[in-house]
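Listed below are the structures to be examined.
Two complexes follow with subunit A in common, the first pairing it with subunit B and the second with subunit C.
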Partner chain A sequence: MSDRTAAGGAPRPWSPARLLARFGTVIALVLLLIFNFAVTPNFATWQTLNVNLTQVCTIVIVAVGMTLVIATGGIDLSVGSLMAISGAIAPMIFMGKIVQIGNIYAAVTLAILAGIVATTLLGAFNGWLIARFRIQPIVATLVLFIAGRGIAQVMTNGNLQVFRVPEFQVIGLGRIAGLPVQVIVMLVIVAIATWVLRRTNFGRSVLAIGGNERAARLSGIATDRIKIAVYAISGLLAGFAGLVVIAINSAADANLVGLGMELDAIAAVAVGGTLLLGGRATILGTLAGALTIQLVRYTLLANGVPDAAALVVKAAIIILAVWVQERGRTA
Partner chain B sequence: MTRRIDWGQLLANYGVVLALALVIVFGWLRYDNFLGAFNILSVLRYNAMFALVSLGMCFVIMTGGIDLSVGSTAALGSVCAAYGSPYGLVPGLLAGVGAGLAVGVLNGLVVTRLHIMPFIATLASMLAASGMALLLAGNQSISVSYDTAFTELGQGNLLGFPIPAWIAIAAYGAGSLVLNLTGTGRTVLAIGGNEDAAHMMGLPVRGVTFLTYLASGGCAGLAGVVLAAELGAGQPIEGVGWELFAIAAVVVGGTLLTGGAGSVVTTLAGVLLLGVLFTILNFENGKGWISLSAYWQSVIRGAFLLVVVLLQARLTARAGQRRKGADPASAA
Partner chain C sequence: MPAPLLTMHGIAKTFGGITALADASIEVAPAEVHALIGQNGAGKSTLIKVLTGYHRKTSGTVTFHGRPFEVASPRAAQEAGISTIYQEINLVPQRSVAENICLGREARRFGLLDWPAMRAEAQRLLARFNLRVDVDRALSHYSTATQQMIAIARAIGFSAELVIMDEPTSSLDDREAQTLFEVIRGLRADGVSVLFVSHRLDELYEVCDRVTIMRDGRTVKVARMAEITRLELVSTMLGRDVERDHGKATGFQAAARAPGAVLLKAEHLCDDRFVRDVSLSVAEGEIVGLAGLLGSGRSETARLIFGDAALQGGRMVVDGKPFAPSEPSDAIRAGMGFCTEDRKVEGIVPDMSVADNMMLALRPAFGRSGIVDDARQTEIVERFIRQLGIKCTGPGQKIRELSGGNQQKVLLARWLAMSPRLLILDEPTRGIDVGAKDEIQRLIRSLADEGLAVLMISSELEEVVEGADRVFVLREGLGVADISHDALTEDAVLSAMAEGPHV
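And now, the complex of A and B:
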């Protein structure tokens, strides 16, 4: 996890607080795994792995986009609503409610594209509000948080869309070499995003904007365009995650798809060690953060703790993780 | 230098009151009974709890913070109030408000002592309060006792006016007094304007920041009491999305999210505006010309929020240009 910008100056000596801050999430993850192998019955099975990965993968996909947004010093509250929108659009197309398409593969392709393009454009709209009008990200994305789910509900009239289209549902139910398709897609997205953030000009510009936007602009970075792109990417990933959710459920419910996702994604990013003020970000950290939160919940549920108590524990973990990182930075 | 009225600034500050007046006049001209007693009183009764959470949110936002936990705190407050209701009106009230204050203390400590960003601190307490509410209530709603006067807090009237509305008015009166007439109120604005400067001036930054989260928790707990009394049950899963409604109301009310400026009265106008828009939708459907499902409500609210923030952005930018040298982006 070295995809952070150098803080500048000579490297400081390692202190326990800084080590803990940097690798705390990974350490916690390893400890959780050891605990589960020892205590939780039937933990070391292929099925447990698949259940956990399937549940966590939509959060990770959305959280990758959120990491990029937060790296610029922004936030995207609209991701859950965007998931509902793509989840509402796609079935309307492949079920032939708008236009009849004879070839099912063509229909599914068009459905997936339409859903993702719509959310990408809405994401770009978020970015446009933020870059062009200097509206604070939390307010700008609040607009689509409120209106977006309404749009999805209006499109479907709030009705459940039930379907059985294996050609489409392969993105939620299919398997390649035993692994769920969406898990493989998630890993590919994580790999690409890690590479983009570490190795490309775009990634460096994203971090530069989060570090000091004025300095970034003065040094010739097209800050507005980069910000719009980052929110568009967040919209794209949210749109795809929405499609995965409805594929798994064999149904699209505009009232429920992606509900609360913005908070899960932000929590994963925060626990993963990305600086919430922007300027420093780690995609692998976000992956570790999402896995940690998921594994804590699974551990508690598998050992008979009610889901409500798991919420309280999750809250404590978020605070603890952010506090440890905060101390590591100032140590 | 001649003193000229800065119309742009005036519009930025009180535009929401103007918009509210326009919407009400529109409704009055277009629909029968729009200004009838029944409609007015039900709008006030229903929006009182949103007004309460928005008041607390307004204070937190004026310091430059945010409180995402108000919705689940209200849910927790409603459950505690329901458990307290068999012992009477006051115990029920105290139980609900006490639960809210407890969450407020937690938020305040985490923000001021552990120095964790308000966004994350209150995101965590949102989850924790929601979990506590579900645990206490055993995943179901808790009926309120009708043997005591507790339900009066939500369903009763005083001088022909709904009691929830009285509670909200009293809270806003108190909030307005604190903000405009006390040192604490000025400190709230100073912290939001520039926290370091406020600290160096010797203002009690930590204490007052703590107080705003305490107040927000208390307001949310009170909203939970009203909720339980109105619905006749403590609802552990209510309050989802209230925090964002409250933020929208505060923003529509013209309070800047960066802190340092704001008004309690225009926040109330923001709450009423968002509430009245919903009523207009119902009345419009009643006329039969169009038929918009309830789902349009959130689309219209979102569109409205968009218009408001765009207007604010323009007005702020223009004010920034007039004060030469001020870079609107540098505040980001």
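And now, the complex of A and C:
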């Protein structure tokens, strides 16, 4: 799960603490599943699987970008606001508020592209602030965290955009072989990101920057360009996630799309075992982290515990995960 | 001889089946400066950590002041009169000197901080070390060396009876080291004992009374410094007769051939801060030494050449073509490599494997598709592990688990994998045990004999004098001497460093 080098080599002796740190999230996930199969009524159904996957999907997509950002030692607080921006732009285009486009497929394609390109550029802007002016990532992305949602509201005059456009909403409501389209997209994104991080020079450079930026720069790695790229990717994925959210809701509300998403994504990354200081990251861990948080929430709700209490449990899981990792690191 | 202050006898320590200490002993007399030496992995640090309560010993006895001694933490050790000073400075740069000195033991009055009392205590303490600093200024205002002296003052305080110094001079230049030795002599005069760990033999002879030599977790020899020769010291530490075909103190041998064409020519380099006017040239197959005291602009000159700092004046020519790097990657494309002086901060990526660390510089050029080519990577990495004799469990081992010497070899391999034409080495053997040092020096020479141009910065005079074919000496940012091989002696370099003519 964690990114060991492909070159192999003799593994170190495993201590229980280290095993727990590395596979703790997966173990927790399996235990949760077993518990639910035994206790929760109607758990082993397609319905349950789809509900959970659909709900977790946007978090995972955003968290993949967040994992890359955190791997460089940064953080991206703007993802929720970027979701609102792409969610505001796309309907304006396919509903013909800006220009009338006759062919609905052309309009939807253009709408999706416009939303994603806009958030990718805004992500690159985050990266540019961080790389060019050496602004701390938490501050640099705070700019769009605050301004981004405002921009989305201004664009829509604060109005709810309601629509019924099946050609667009296929990304949130469609199914292929029984699986929701966005779940398939999510799995593809996870697979690509895992491969990029492990097997490409770009991915290794991302980890090198997080592990020791000075050493990376002195080794000739274009640290500035890679940082900008990483924030742009985070923006791109957030933009797509925003589109999925409005497709599911048949409506875009700039006040609500992606609200609090930055924290959900960071939580998934942290629970998944990625080092928040950078230099060590695992995409599959992030997937497991997001699934664990989701499943805990579902388990509690399905067994009659109110959502407010579920939030407390979520916080407890984060603390537990970080504690286990710390022990594994020092063991 | 008076009763010893500290006696550690038959100390053993195992970590989950791995023996770190087998039978280590040490005895420190009151008011004695005692050297503790050994190669990396000999058990020096473990022994110290057992004493200071960081580790718990498996067996053996420790007596301090004639009474059995065992503490649970370094803090408890400090309260019992044993202070430890580490290589790194662990202070808060943004806060004032007085605050730093009183950190964790603040004077209070009516539950509030008593600033006048703390300032007075800080001043009294620093006066003991002949340090004249304004205690209200931020710590970061002062040089690294001064900060280190402040850290030492803080650690020793007024109550220490035994002070352990673990390579305290590694970030000091000669003059600052002299100040530290004054402090050590002052402590000895006050009846305080010092346990001094260092890789620099000169220092041991300068300041220590006796030496304990460790090897493979055992104490192998205790001797008075005045009665042991350097060669005996080194061969005892290594546990073999040092193979030297040239009665020299370093592993460098004479050049096998004359230098080739001039590769790099730098004229009147200037960065408006540390480097004011430096000119030098390096030819193929030549090792050029860059000498000077700390702060003379040696490392800064190297950074200008490598494109890590912006050139404010002067020009450079590589292969007869103008060369003006704005990024390290420009210098790398021109065939340069740069091993920095600070391995931990600027060299290794600690959480990455040996293989990933070695491939770091090659990566941008390696595999145009951007996809890691495992087979080729493994082949390259394994070849260098073999060639340089890097001791690791395999290419996948994390680099932070390696010893300093082996880390340095990985970093050398990082550049050698690029087949560079010019290698800039800033303190290539700092903090490395004697055996690995020798190997690295031999390696540098053999690379030069194959045609590599080397620009080597070193604070160790013998390394520069014996290793280099030619030496440029810097003083306060100015190039003050260009000493060719025939005229190259320690005296020539020293006098240029100290009083060379202004250019």
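Some points to look at:
One rule holds for everything that comes next: the second predicted complex is superposed on the first by the 321 of 331 C-alpha atoms of A that agree within 3 Å, B and C clash if a C-alpha of one lies under 4 Å from a C-alpha of the other, contacts with A are read in each partner's own complex, and residues count from 1 in each chain.
Following the convention adopted for this analysis, a contact is a pair of C-beta atoms (placed from the backbone, for glycine too) under 8 Å apart; a residue touches a chain by one contact, two chains touch by 3 or more.
What you are looking at is a predicted structure, and each value in this text was computed from that prediction instead of being measured.
Contact with neither subunit B nor subunit C is seen for A:105 once the two complexes are overlaid on the shared chain. Once chain A of one complex is fitted onto chain A of the other, the partner contacts of A:314 are limited to subunit B, with no touch recorded for subunit C.
Within the superposed three-chain model, A:214 lies in touch with subunit B and with subunit C [touch as defined at top].
Look at A:158: by the touch rule set out above, it reaches subunit B but stays clear of subunit C.
Comparing subunit B with subunit C, the partner in contact with more residues of subunit A is B. When both complexes are overlaid on chain A, the residue A:37 reaches neither subunit B nor subunit C. Residue contacts after overlaying the shared chain place A:263 against subunit B, while subunit C stays out of touching range. Comparing which residues of subunit A touch subunit B with which touch subunit C, the overlap comprises 214. Looking at the complex, you find that subunit A touches subunit B at residues 73, 75, 77, 129, 133-136, 138-140, 142-151, 153-154, 157-158, 213-214, 260, 263, 266-267, 270, 276-277, 306-312, 314-316, 318-319, 322-323, 326.
Interface of subunit B with subunit A (complex): residues 66, 110, 114-117, 119-121, 123-128, 130-135, 139, 240, 244-245, 247-248, 251, 257-258, 293, 295-303, 305-306, 309-310, 313-314, 317, 327-330, 332.
Contact residues on subunit C toward subunit A in their complex (touch as defined above): 306, 308, 327-329, 332-333, 338, 340, 345-356, 359-361, 363-364, 366-367, 370-372, 374, 377-378, 381, 392-397, 414.
Contact residues on subunit A toward subunit C in their complex (touch as defined above): 4-12, 198-202, 204-205, 207-208, 211-212, 214-222, 275, 279-280.
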